[in-house]
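What follows is a short report on a single structure.
Letters A, B and C mark the chains in the order given here, with residues in each chain numbered from 1 onward.
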Amino acid sequence: MTAQPLPPLQPAAGSAALSMRTKTVIVGGLIIGLYLLPFVLGESYLFLSIDFLIMALFAVSYNLLLGQAGMLSFGHAAYYGLGAYTVAILFNKLAVPVYIGLLASPFIAGAIALAVGWFAVRVTGMYFAMLTLAFGQLLHTVVMGWYGFTGGDDGLPVMPPDWLLPARNYYLFVLTVTLVSLAALRLITLSAFGTALNAIRENRQRAIFVGLGVRNYELGAFVIAGAFAGIAGAMRAPLQQMAFPSLLHWSQSAEPVLMALAGGIYTFAGPIVGAAIFVFTNFVITTYSEYPLLVFGVIVLLVVLYLPGGVAGAVIAAWERLRRRAR
Amino acid sequence: MMDEILIQALSGLSRGMVLFVVASGLTLIFGTMRIANFAHGSFYMLAAFLTYSVATMVGDRTWGFLAALCLAPPIVAGVGALIEWGLLKRIATRPHQYQLILTYAITLIVADGIKMLWGSDYRTVARPAGLDGAITILDMPFPTYNAMLILVGVLIAVGLHLLLTRTRFGKTIRAAVADGEMIGALGVNVQRLFTGVFALGAGLAGLGGVLAAPVGSVSLGIDSSIIIESFAVIIIGGVGNVMGALIGAVLIGVVHAVGILFVPKLAIAFVFIALCAVLLIRPQGLLGRNT
Amino acid sequence: MTAPSPSPSPAIVSVTSVSMHFGGFRALDDVSIDLQRGEIHAIIGPNGAGKSTLLNVISGLLRPTRGDVHYGDQRITHVPPHRRARLGIARSFQITSIFTGFTVHQNVQLALLAQRGDCRHPFRLTGERYRDEAHELLARVQIAGMGARMGGELAAGDRKRLEFAIALAGDPQVLLLDEPTAGMSGAEREIVVGIIRSLSAERQISVLFTEHDIDMVFDNAHRITVMHQGRRLVQGTPAAVRSDPRVRDVYLGEGDDAHV
């Protein structure tokens, strides 16, 4: 139609950073590295790595809300916990093995997210944060109080089958499930639906007047995020061989927010980096400090005050400064 | 059975009054500064522990409680002012999530700080002399202290109403709640207003903590239960509206207390059913403004 | 009880006896107006006359306290705004509303995706979809060369043109424009006016707009509605409106007939 070639629609995302080819190589290398990890790491570090993988999925699922749609949910742990309880309840009541329970978890967590989201998307901003928090605590209380079904605050035991018991096998299982889930989430963020969520975050009013029923899209994002959090939770229960009500508690809900902010919310990989920072910091603090919350709180305070782009953001900024100076 | 429900409702009313005092502070902070302050429950918990320490130091239970009543709320208000002035002010222009996370970090620090200073044991605070007995209502005993709480709650509601309608400070707060952007244009020192409101709100949380200390247990973890209920109160009542907070708190207190009679473990669910009903009918809260 | 049946006129939008109350304040008081196919129709009036409120009622941002809005034969009084956008009622805002964090091209691409129902699919990749159409729309408002720039970097006039391109992505029948030339330089104004005229003339799009610049209104509108304190004062051709004594009285201030 026109003589001159059209400019590409997508700006080479982070064009300053990396080409598509380099990215593919890096991601591919990382994946291979992750699959080789259990053959070099000791068992205790392997458990830490499983923890990281689960938290990474939890954080990325959350960032679909905060980073992509601009929805500040503070009750995301509810769906994480529900995923864990889906596995636990199916195992205890119907003797369903955990890997089948895991398949059911996104549907259960997503269905409850649909029920909660139906109310919650009626409001926005801080109001939405309070409401999701309140509903999350409601679900926590129900799980705590419904002894007959959930075991109350004793929790519910979960026993993985023999082949999943060795740390190496469970690691490989979790790695595969996490990678498949992250790939699905990546597709969603790059889809027309994901673009619509970006648009709603950018300018809600304009999004409405290009024909987007914004509440429905927010509800959709809430359900998808809840479903993937459910998968993360479903992998948590067999790891601890237990589902605890504390998985739904609001202090657990703060964790994906922290991870996303620590890593940076406007990139897909940000929350994954945030999860690595979070899991590692947490491990160090709980090992060496008698007052882990205090230390952790102070670190969070300092990050919020002095590193607005998160740890990863600060590293990237420093890297860019270095590169500019080198030129 | 009917009498039992009535007494239980009355007991819920007294609990609701404590909740009102705490939530009124939260709603003023939210309404003025548009911040959902997670640390509010920490202020409440801090005041409860301060009450324990002051009462123990003074020795006499009546004078001890009165001393705590005079000391703890201003101390907590001071802590609140410091947090606003030293921390929140610095990130006032950043997106909501940073403010939320900052107040969340404060809850962690306060929780472990209290654990460091007071340990993790349960503490109890004796009721002042004269308020430790019971009065008879419908041939049933009702704790005098709880009856006093209802009275005090009403007095504080009236006091807050006068503060908001009769004083310059109060009128400025109401203007800020109604239209946050206008307030700077009116020549108000927004910085001082925010610090003042945050201190006032923290002080109210502290007052709630003192009042609750002799009826509940003084222990770690009371911060998170009160903050969730306070959020529910201000969603039901409408942001920035003190009378809405009164209605919401009483509603939650009574519904919860009566619910306990029927489903002890899941009574909180009734609170959320009320919350959902309000959201469906009036998303802006019962007395909230339609924007 | 019974909604008045739509008149058999070729009106594309008809507003029938609409009132809009905010508490005790009547922003609109029994206003009726109809928009013909392909016409350029201006709403003028002093501040607080209810012009923006009327646009908001038609676009669906506000639901009227009383009265009805029809789009063709369809009663849309209770249709939510995003559905109206999909039906073909596009609008611009007084403060130009675009996606500042998207590139210019992405702005239009998103509008195309939204209007064509692609956004419902969580696995349909955005990629380069509708690149050519987006380019064409940008060319129509003469900013095709800016596709790769961020929306937030544009000057006021370019932003407004981008907003037009976004509006056109839905292939609208009706354009509602709230002060389309506010805050623009003379040259920018002329470009925007040119676009409005060509849309009406070449594509039979009906344009309803509010405007403070009286000269712009009288030079370009086919019909003018004058509003005052929430009521419709006069409606007619520029010539008729110009000579109406009531317009002189309330809109221009008594005796001041210098400009009209």
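The rule we apply is simple: a contact is a pair of C-beta atoms (placed from the backbone, for glycine too) under 8 Å apart; a residue touches a chain by one contact, two chains touch by 3 or more.
Chains and their UniProt names: B = Branched-chain amino acid ABC transporter permease; C = ABC transporter ATP-binding protein.
Worth saying up front: this structure is predicted, and the values here are computed from it rather than measured.
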Name the chain whose C-alpha centroid is most distant from the C-alpha centroid of chain B. C
Using CA atom means as chain centres, which chain is nearest the centre of all the protein shown? A
Could you give the separation in Å between the centres of chain A and chain C, each centre being the mean of its C-alpha atoms? 42
Can you compute the centre-to-centre distance for chain A and chain B, using the mean CA position of each chain? Integer Å is fine. 33
Taking each chain's centre as the mean of its CA atoms, chain B sits from chain C at a distance in Å of 48
Could you pull out which chain A residues touch chain C in their complex? 1-2, 6-11, 187-188, 190-196, 198-199, 202-203, 205-214, 217, 220, 224
Which chain A residues qualify as touching chain B in the complex? 66, 72, 74, 119, 122-123, 125-127, 129-131, 133-135, 137-138, 141-142, 144-147, 152, 250-251, 254, 257-258, 261, 291-294, 296-298, 300-301, 304-305, 308
Spell out the part of chain C that touches chain A in their complex, as residue ranges. 59, 80-83, 85-86, 90-91, 93, 97-103, 105-106, 109-111, 113-115, 118-129, 131-132, 134-136, 147-148, 166, 169-170
So in the complex, which bits of chain B are touching chain A? 30, 34-36, 87, 90-91, 94, 96-98, 100-102, 104-109, 111-113, 115-116, 224, 228, 231-232, 234-235, 239, 265-266, 268-269, 272, 275-276, 279-280, 283
